[in-house]
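Single-structure report; data block below.
We call the chains A, B, C and D, going by the order they appear; numbering starts again at 1 in every chain.
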Amino acid sequence: MLIGQFRQNTTATRCASRRWGLRATAALLLLVPLVATYAGEGARAQDEAEPLRIAVLFPFTGDLSDFGQPFLQAAELAVNQINEAGGVNGQPIELVQGDSATSPQQAVEEARRLIELEGVSAIVGPAGSGETLPVAESVTGPAGVLEITMSATSPALTIANDNDFLFRTVISDAAQGVVMADVAREQGFESACVLYVNNAYGQGLNEAFADRFTAEGGTITAQVPHEQEQASYASEIASCTEGDPDVLIAAAYPESGRVFLRELVESGDAPSVIFSDGLQSPDMFAELGWEVFEGSYGTAAGAPETDAAATFEQAWEEAYGEVPAVPYLREINDAIYLIALAAEQADSTDSAAIRDALREVANEPGTAVGPGQEGWQEAVAAIDAGEDVNYEGGAGSVDLDENGDVSKGTIIVWQVQGEAIETTDSREIDLAAEDTAGTPVAGTPVS
Amino acid sequence: MAQAVEKSVVEREVALARQRTTRWSQTLGPWVPWLLIGGFAAWSAVARTDQFVVGVIVGSLYGLAAVGLTLIYGIARVSHFAHGDVMMFAAYLAFFALTGAVVGSQTGDVVFPFHLGQLPGATEPIWRFSFGYGLVLAILIGATLAVPVLLAIDRFVYQPLLRRGSSTAILAVASLGVAISMRGVMLLIWGPTGRRYVGGIRTTVDIPGLPRIVADQFFIMLAAGVLATAAYVVLYRTRLGTAMRAMADNADLARASGIDIAATRRWTWVVGGGLTAAAGCLLALQSQLSPELGFILLLPIFASAILGGIGSPHGAFLGGLIVGVVGEVAVGLGVISPGYKMAVIFVMLIAVILLRPRGLLGAQS
Amino acid sequence: MTRRGNLLAIVIVALITAFLVGLPLLRTGSISSVVSFLVPSLATMAIFAIVCIGLNVQWGYTGIFNFGVVGFFMVGAYTAAIVTKSPADGQFATYIGGLGDALAAVPLPGAGAWLPFLVAIIAAAALSAALALPLAWPIVRLREDYLAIALIGAAEVLRRIATEERWLVNGSRGLGGIPRPLAGWVNADAYNYVFLLIVVVLLLLVYVLVDRGIRSPWGRVLRAIREDEDATAAAGKDVVAFKLQGFVLGAAIMGAAGALFAFQQGAVSPETFTHFFGTFIFWAMLIAGGSGNMVGTIVGVYVIWGLWSTTLQLQGFDLPAFVEGRIPHLRDTLVGVIIVVVLLVNPRGLVPERARVSRWLDRRVAAMRRSEAAGD
Amino acid sequence: MTTVAIREQPTPTAALQRDAILEVGAVTKAFGGNRAVDDCSFAVGRGTITGLIGPNGAGKSTLLNIIAGALRPDTGVILFDGQAVTGLRPDELLCRGLARTFQIPRPIPTMTVLENLVLAGPDQTGERIWNAWCRPAQVGRQEDAIVDQALEILAYVNLIHLRDAFAANLSGGQKKLLEFARTLMIRPRMVLLDEPAAGVNRTLMRQLAEHIEEQCHDHGVTFLIVEHDMDLIARLCDPVIVMSQGTRLFEGSFDEVRQDPAVLEAYLGGQVK
């Protein structure tokens, strides 16, 4: 450094002075933010009178972008209901959008923006486990901001390094895998192969299914992972069906499902297929042809047959028309309600305070309250009266355990009937009580 | 004394050098790769018919695109890292011509009022294909529209760089920039969701002794075959082809012998780009349209071109077939996970680069 | 020329700074939130700057055409994760390594807070270099476009391995719960500042090391190889050996940056390390800033990542729905266009390479000029 | 041992009798089907300035590239100072004292004249990166010594006034001179010059010729010069080797060469063709 300075001062003085001037300007410009810090005022005021700001961090672009818009509708539905019923702490909730772009890196940047610049008290999202984990570990956990994901189902989130700021309103993949295995056995299938998307979601489903299926006496012939972007899945399908399984378990997204399901059928002697929730896509079936998969079963995290679920459906129909067969809408709705209730209970918009109140309002004991305008009004009245409340949501009872997970949930069984996806069964699962797991509770077909 | 010893070294070398011409390895050596490839092809055609057929179909498309790549490299002197994206871009243009769809919002497409799908009977399936004459027209239009785009890119990006005497590497970086921009444009206009020309399950054709083949795949193979033959005819039976090959051999010499360098360059982009675009459309027919697919295609296409020998069009086509078949069959054996398909292709690429850098049919430089 | 170039660079840097600071300020009106937003962003930039310095050693100085940056970056990140984490409990995660506890138990003052991380960074650089060497050994003497496609392939294979091999790095689930250096020593509020400090110190260290290397006879040989391999060979230099050294040093630097990235993110998974994010962005930064110039590299990182960040800011404002839903795509397109435009308009980048770099030679020439001037 | 298919060939023994610094034995190099160098053998005597001439396409430059290690021969052997150096890299040859220049001079264009010379300094400690990091003082001392040597050589070849000019901005002749100066940096025992006179003006050429003679006579440097300029050959070279169609046609003094009918035939034949 000294040498460089020396040279410039001595050899090309005229030129050097100008260059130093430029450098100084550059340095000054870079210093602006730092200087401004000290000139600026103190920390952001956590005013009691401030409205509650909740952010959604949804995949509006990227691989899962199909889900972004319905997800946002679900969040808006809850926010509108609460606001029409008087808001939280007497103020309407403000909803802020962020785009995770289905990319961990962008999700992290966005979470940081939502927290620091938008000043939100809680984030709902992001969608995938691959994004949720870095967001929780590097942004919301250290910053102490509540994060509730509605769809990240990887078991790894249970043990995330999140300072207890990460929660989820969706049950782990294990539940769905268990029900898929039950359905397969009930249909009388002896052997099965699993074709799963090679990510946290597919892997979790694959494991849960395989464990349960073999425990129930079935045989797994193959477990084949696949990538999302492929020109052809011929070799994956071939490896999967090589052992002549009775049924193929497809745990994937529509993006790849479109391609491999078509190739599967075209290959001729295709086995029956059971679909995961990722493939619960009417668009995909319409494109492939409904008649091809007539009578095939699938599973999804779904609504229990409770009043709360009915309330949600009714509200959705009033607002937007028919409830689309998109997963996790109820979970989003529940997440917003939980945050609002906890904020009401804590009488604060401070993230930590909301977090502390979250389990109180979600778990027993307490007066059961549900979603919807009326539900909100009842809940606020109960809280004002100093009573405990226990939120029972559209997706289930949403009881949060010490890890921030829900262990009780409802898995629906759906079937392709005609040109529609119809729910035929709905089963409650309690992963905490292993021996009772998967016992059909509401065995009667719906619809 | 030492001098004498050294002298005998020289003389022994000289004797050996003259002997060496008659070694068996020199006569048999060139046939070894062909025996290996032929043996593998025969074995996989019998033992792994399913994967072999898929490999041939996908491979013929890799091959077509690799012919385009090898022409563009050999004549226009661009290491074209935007090649996969050009394929996808052309496929999307055909998609637009057929359906008129561009993404207007997050919920649905805005449909352009005039499109081929509106023509009477354009979507009525021909024979057992899943598509009608509309798609054939759309592919032609897609390929035709892609060519001027390529010519413009060459005119405004690659040529100025070449004129400035930029290195291969700079051109490759520029083509990477082009690839990223093209991918971005596709994402902007058509969104990230995968598309396809025609939905539904396609009709299959049963031929005794063969696996079920989707009728569309006959079309793909036929079209690939016709295009490859056409390319061969253009390159080896026309004045233009002679000029192109002369330019690939030695641009200065070609200029000296009165060949219009600029025009030949343009025609190279037309022929090479057209083949690439057609390969993209056919690939989209085989699987789907997706902006992300472009970059993924790059490795197999380059592997095909290098395997066949850069600068050798028929080598590139053959290379494509080999890459396609080996990739599919290798993961079809069940020994390695299908996720390693690209790894198999990568290993082939490295092996060729190391063992036979001029490729199977490439001229020794 | 240089003056105009410098002016342009300053104007662009100023513009980016104005956007980076101004947009959030406009949004929040609170300077402290802007600062707490920008501090982690600066840390990210510093990490990316380290990657770009690595790429600059490879491309800017040695002329090796690495389109597989993401491979080395990822290897570094994963290495850091498995070195610092506790051993796998097998419940949700299987991976090899997990030396964090063992290293924390080493009887050194406060070992738990720094030793695993120091080891992790060194291991990340070493493993990255160890992978780069056998990979580059056969192909470094090849044509540059073969090298590029081979490295794209290699990076893709590394990504596949990370996705497929669960026993190694937990497969597609990735690794979470990566500890952070010095986390125990400071409270959570101040941590972002501490981390920024750590990253900047490492950036400076890498900068000084590379700068010293490049401004030595070693760097002179690298630059000569970049210009003309045959002529450099005729000047008595073992071209392949020097290219390998440049490549391996660059890869090691990328690996170290990957380790820092893992600490920052706290979780790594294969889906983070896309070619776009892990390779193309760095190329855009290097080309925009000026390859062959360390300051230029850092300016490039600042400009491109600032642009990136700024586009995210725009989401806080009301925009037409058509634009709003496409901001990331617009930004991706812009990255590509920037590469092309810079190559066409100003191939030397915002801050062009300095003509002569050897520090000893510089000093001698300066002295000679001085004495000549005195003699006149 | 059965010998197969030995073609009739002038035996190299005559050349090998003398004290040779460089021996080329039965070197063959083919590009595609075209044999650029075809079973060529000769020797270069120590301390001579040997000319290598021949019509265009005779394989002179290819042979020079093979000797200098830039190309690998298909068959054949090259001995430098009695040791086999076939297939060694250029830098390994340089270590042994064999330097070369290029037909079209190739200094590093983005470096100054001085830097180009300093680059060529042999055995630089600072070329190991850990030395650059850890022992800057030692590197600096050596760098100073190399700069002194480079300045000395620059003064010797009369390029000192261009010390800080970029090599890209030099004239063709100056570049040739710079390349010649570069070979001197390693204190060579033998220098291969590829058309040193091509495109060089008379003054510079005379200067160059003087330097070559001086180096040869005063420092015992052997030169092998590929050249088309017969004046230069006539002035400097003895002996002169004539190549035609990839092989050695004739060897002798310049006067002998000029009168040999086979040589004339080769030249005229080459020109007619």
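We adopt the following convention: contacts are C-beta pairs under 8 Å (C-beta built on N, C-alpha and C of every residue); 3 or more make two chains touch, one makes a residue touch a chain.
The structure displayed is predicted, hence computed values, not measured ones.
Engineer: Most C-beta contact pairs, which chains?
Structural biologist: A-C
Engineer: Taking each chain's centre as the mean of its C-alpha atoms, give the chain farthest from chain D.
Structural biologist: The most remote chain is A.
Engineer: Closest chain to the protein CA centroid?
Structural biologist: C
Engineer: With centres defined as the mean C-alpha position, give me the chain B-chain D separation in Å.
Structural biologist: The answer is 44 Å.
Engineer: Taking each chain's centre as the mean position of its Cα atoms, how many Å separate chain A from chain C?
Structural biologist: A distance of 32 Å separates the two centres.
Engineer: From the C-alpha centre of chain A to that of chain B, how far is it in Å?
Structural biologist: So the centroids are 40 Å from each other.
Engineer: What parts of chain A, by residue number, touch at least two of the other chains?
Structural biologist: 60-62, 198, 225, 227
Engineer: Which positions in chain B are in touch with at least two other chains?
Structural biologist: Residues 106, 187, 192, 337, 339.
Engineer: For chain C, jot down the residues that touch at least 2 other chains.
Structural biologist: 163-164, 325-326, 329, 369 - these are the residues of chain C that touch more than one other chain.
Engineer: Spell out the residues on chain B that touch chain A in their complex, using ranges where they run on.
Structural biologist: Going through chain B, the ones touching chain A are 50-51, 54, 58, 106-107, 187, 191-194, 196, 199-202, 204, 211-212, 214, 283, 286-288, 290, 292-293, 296-297, 328, 331-332, 334, 337-339, 341.
Engineer: Chain C touches which residues of chain B in the complex?
Structural biologist: Against chain C, chain B makes touches at 73, 79, 81, 104-106, 156-157, 160-161, 164, 166-170, 172-174, 176-185, 187-188, 192, 295, 298-299, 302-303, 306, 337, 339-340, 342-343, 345-346, 349-350, 353-354, 357.
Engineer: Where on chain A is chain B touching in the complex?
Structural biologist: 60-63, 65-66, 68-69, 198, 224-227, 229-236, 238-239, 242, 255, 258-259, 262, 265-268, 286-289, 292
Engineer: Please give the residue numbers of chain C that touch chain D in the complex, ascending.
Structural biologist: 209, 212-213, 216-221, 223-224, 227-228, 230-239, 242, 245, 249, 355-356, 358, 360-361, 364-365, 368-369
Engineer: Would you mind writing out the residues of chain C in touch with chain A in their complex?
Structural biologist: For this pair, the touching residues of chain C are 3, 6-7, 9-10, 13-14, 17, 20-21, 24, 27-28, 30-38, 40-41, 44, 91-93, 163-164, 171-174, 176-179, 188, 191-192, 264-269, 271-272, 274, 277, 308-309, 312-313, 315-316, 325-329, 359, 362-363, 366, 369-370.
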